[in-house]
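Here chain A shows up in two complexes: once beside chain B, once beside chain C.
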Partner chain A sequence: MLALLQILLSGLVTGSLYGLLALGIVLIYRTTGVLNFAYGALAATVTCFLYVLLTGPHLPFWQALLLSLLFALLLGAVVERGFARPLLAAPILTKAIATLALALVLQTVVQALWPQLTSPVHFPTPFEGQALRLGGLYLSLADGLALLTTALLLGLLQLFLQRTRLGIAMRATADSLEAARLMGIPVGLIFLFAWMLASLLAAIAGVLIAARQTVIDVQFMDPVLLLAFIGAVLGGLDRLAGAVVGGLVVGLADNVLALLLAGHSLGTLDLGDPGIRQTLIFAGFVLLLLLRPRGLFGGAALRRV
Partner chain B sequence: MKRHILALGNSRSSSPASPGSVLGAESGSAFAAAAGSDWRWLAGLVLLLLTLSGLPFLFEALFGDGADFQLHRVTLILILALAALAQNLLTGYAAQPSLGNAAFFGISAYLLAWLSSDLQQPYWLAVLVALVACALLGLLVGGPALSVSGAYLAIATLGLVVLTGSLLTLWDTSAGRQSYELTALPEVLGDDRSLYYCVLAVVVLIFVGAFHLLRSRVGRAWIALRDSEVAAAACGVALTRYKLLAFVVSAVLTGLAGVLYATWGTTATASMSSVEQTIAFLTMIVVGGPGSLLGSLLGALFVGLVPLLLGELPDPLALGPLQLPIAMLTTGIYGVLLLLALIFFPGGLSAIFARRPFVHASEEGESYGP
Partner chain C sequence: MDHEAQATSPQTGQARNVLLEVRGLNVRFGGLLAVAGLDLDIVEGEILALVGPNGAGKTTVLNCISGFVRPAAGSIRFAGRDLLALGPERRAALGIGRTFQNGQLFASLTVLENLLIGRHAHLRAGLFQGLLPFGPAKREDAQARQRAREILAWLGLEPYANRVVATLPAGLQKLVGVARALAGEPRLLLLDEPAAGVPMREVTVLVEHLRRWCTDLGLTLLLIEHNMHVVQAVAQRVCVLNYGRKLTEGEPTTVLREPAVLEAYLGREEEASPLLEQEVSDHAAR
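Presenting the complex of A and B:
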């Protein structure tokens, strides 16, 4: 029983990290209509920047983190102005491909600037090795922080979008660009802000994932990103809470499958292999999408004729 | 006849928006757009064909002993063009943002390898079976795709590709091999030069076929449902039938490309069904020009040739006082070129050859900015 609870807890942590990533993906998709495949690269770039601050000038962790988050905001702004803005009117697949190109560029820049990150390195954090004990359950401090941060950010983001003028303006822009502009909303600034916010979210998710894995390289976000995308699509791509729930579903499925499959084998096939787990998750996802074409919570599609 | 179709194609630019379209595909392909200057297109086409068929001799003069090796690399671009065409028919013409083509790419290659190498069936029979299997699978994927749309369809089919890729990897690992070698190829296809001519013949044939298909009832139905599903349905276009047909045709052509690719590399690998492969397919049509036959060619040229040329740069490259580690930067440079191409030719490179400037038909299709 305790083992199952432990697995569920760890699934919750994995899921919340996927959810955190999915949050930013949905934010960008809703406001600017970009399926952002560069999201992982953005997160990785900021995390690598943090790593360099920590290991190069040996800054204290929190100071370095603050600088990295500022860097994330700047990066978001640069990406929006330099890349997203010129492509704003392009069709959605063109934009998706462009984000992939952006990911290639970001990765190359990081590799060229800090060649030590091409191979896996140890990512130092102050929470390493510390853990909480809840009854018989074990929760590492990094995991606890991940849970807490996701919950906090989701709450704040919801409040921000529902209650503040800027948040409402963002939702209006997402809803109808024309109408928003006619109401005097500076949509250009809104786009800029959305990218900066998403970049900040990416950075936080990246740092938390790095703290959890304790080992990073330039591409450490790549395997995570696709699962986060699945989470986002399961959640419906258009609501923030849905994104987090979708992420949680994926994370829980991942961990529960790991528990169920460990030690079993089918013929010569070792079912505990992570590849099998991923295969099953993707199969389940495709099936689920067939049953509910617009995600778990998505309503019927409204189409303008 | 051509005038007639051109008029149909042009109606797009005057209609304000097509909410269903994911790629603001250019109306009327670059081929058709120049109906007014038919002879120039014909001349260009003849010149292209002559160059392509004379390429082996040109390479012999240029590279000497390395000619066959260079020719081998060019053959890949032709195969890529076929895959680009398949994706373009599905996404650029029939407006289905399906990213699942890489699944067929890998499956057909593995089927070919399995049938010809392990079961010792004749090569041509194996190819035929692989193509039929792809057609059936295309139908199988297309059916559910009718109810899933837009970004959901894109991610779901991407999931399908990853799923296929991991299944193929599982097959490989459980059979204890790295990749599936093709051991029983016909002699003709073993030689670089004859392989090139075979692939060239297939590609030319398919492109001519596609050119005519797009000007038939089928192609017009696809373009109509791309421009407006509602209007197309109202005009009596059987949406379900034509969407399914698009999936099947695209799957078969991708399967053909997969078979040729496996033959080209004499091996089938699980990476043929991967996210990277999907990206390559999509990049080709987006860069080349969605909804344009010429675009498929140009896209394949970009995706195939640019990395090749970048690989030819000296390493490190001395640029004044700077020593650039080119090998490390190649991916990044490719990314930058891709971004530039997308930013400056949002309608694809085929717009260079189009008579009219590209008109955005997407909903947000006008100038932006604060």
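Presenting the complex of A and C:
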């Protein structure tokens, strides 16, 4: 029983991180119609930047983190102006494929600037090795922070989108660009802000994941992004709360499968291998999409909203 | 009589104040002349209906006025100002409100939020100032909500204020589109087929509304409408377009009986509205 609870708890942690990433993916998709496959690379770029600040000039962690988050905002703005804006009117598939190129560019730049990140390196944080005990359950400090941060960000984002005129204007722009523009909403500013916000969310998720894994390289976000994308699509791609729930479902599935498959093998195939788990999740996802093309919660079909 | 005099003759002799003046409007889409040499005056406070078969160019005229389509030639003046040099947002801010044929509502927002965005041009504090939990932007937001609720109450939409627009029936969505445009407090309101998709019993309600807006708000209406029942009930004047040209213009009862108008509709059998035929034959019988 305790073992199952422990698995569910770590499922909740991975799930909330997928959810956080899915949130940014949906935010970008909703407001600018870009299926952003560079989202993981954005997160990795900022996390690598933080790593360099921590290991190069040996800045204190929180100071370096603050600088990295500012860098994330800047990176989001640069990507919006230099990449997303020129492609605004392009077909959705063109934009999605362009983000793959963007991811490649970001990774190449990071590798060129900081070659040490080509291979796995240790990512130092103040939380490493610390843990909380909740009854019989074990929760590492990094995991606890991940849960707390995700819950907090989700709450703040909801408040922002529901209660502030910028949030309402952002949702309006996502629904009808033409009408929003006509009513005097500065849609260019809204796009810029959406990318900056999403980049900030990516950075926070990247740092939390790095703190959890304690080892990173320039591509450390790639496997995570795939699962986060599955979460986003499960959630219907057009609602933020759905993204988080989708992320949680994927996280829980990942951990429960790990428990079920550990130690089993099929012939020479080790079923405990993480690759098998991902394959299974992906297969389940494709099956689910066949049954419910609009994600778990129905809603709008894939479209530029 | 020269061309210019003819175009304005129906109003001569009346005390009138032309709010919108369209002259020699030409719109091209590639090889297609969608609007050809259109002259049109809209007098302050009147309801003018723009009718004609599908593809006649009605929506295109509306788009020229609101700034979404750039004409190849001609001029449009609103309250004495040249509009063509201005973008859509500037025109909206000057007092030209519109609805869209396909709604273009903010479907995932609540009715109230749609109206708040509709009022956006009237807000003085910026979007980022609105992030603060206090200060002038918050006071302004409260006022905007108050005003939006008044408009909703006035349209009988109050019970739906907090409903997400996508969950409302088509007829109510149409009304929300109008409410959103009204929230911007326009002088001239452009309505593109407000009765399309609205059930017949709600159309009478709509007609009542249209009349009331003009008298109570001092609004001027340019209305594209296929439903001749609505046109006859609300419009003081009708302008009939066919293949981008003005076929005729005048009082609804006389204009809709003209053989050329009948032919324009009946000539395109599949698009003719059965209601029109019935209405028109009703009139012919009288």
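Assume the second predicted complex is superposed on the first by the 299 of 305 C-alpha atoms of A that agree within 3 Å, B and C clash if a C-alpha of one lies under 4 Å from a C-alpha of the other, contacts with A are read in each partner's own complex, and residues count from 1 in each chain.
Here is the rule we go by: a contact is a pair of C-beta atoms (placed from the backbone, for glycine too) under 8 Å apart; a residue touches a chain by one contact, two chains touch by 3 or more.
Note that the structure is a prediction, hence the values are computed from the model and not measured.
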item: Superposed partners chain B and chain C on chain A - clash or fit; value: fit
item: First (chain B), second (chain C), both or neither touched by A:Leu102; value: first
item: Superposed model, angle subtended at chain A by chain C and chain B (C-alpha, nearest 10 degrees); value: 80
item: Partner chain(s) touched by A:Met1 [first = chain B, second = chain C, both, neither]; value: neither
item: Partner chain in contact with A:Pro86 - chain B first, chain C second, else both or neither; value: first
item: Touched partner set for A:Ala172, first chain B, second chain C, both or neither; value: second
item: Larger contact residue set on chain A - chain B or chain C; value: B
item: Partner chain in contact with A:Pro186 - chain B first, chain C second, else both or neither; value: both
item: Overlay on chain A, chain C to chain B nearest C-alpha distance, Å; value: 7
item: Chain B and chain C contact sites that coincide on chain A, given as residue numbers; value: 186, 189
item: Contact footprint of chain A on chain B as seen in their complex; value: 19-25, 91, 97, 144, 147-152, 154-156, 158-160, 162-163, 166-167, 169-170, 173-174, 230, 275, 279, 282-283, 286-287, 290, 325, 328-329, 331-336, 338-339, 342-343, 346, 360, 362, 364-370
item: Interface residues, chain A side, partner chain B - complex; value: 29, 33, 35, 83, 85-94, 96-98, 100-105, 107-109, 111-112, 115, 177, 186-189, 226, 229-230, 233, 237, 267-269, 275-276, 278-279, 282-283, 285-286, 289-290, 293-295, 301, 303-305
item: Interfacial residue positions of chain A with respect to chain C in the complex; value: 160, 164-166, 168-169, 171-172, 174-176, 178-186, 189, 238
item: Of all residues in chain C, those that touch chain A in their complex; value: 66, 68, 88-89, 92-93, 98, 100, 104-109, 113-114, 116-118, 120-121, 123, 127-128, 130-131, 137, 141, 184
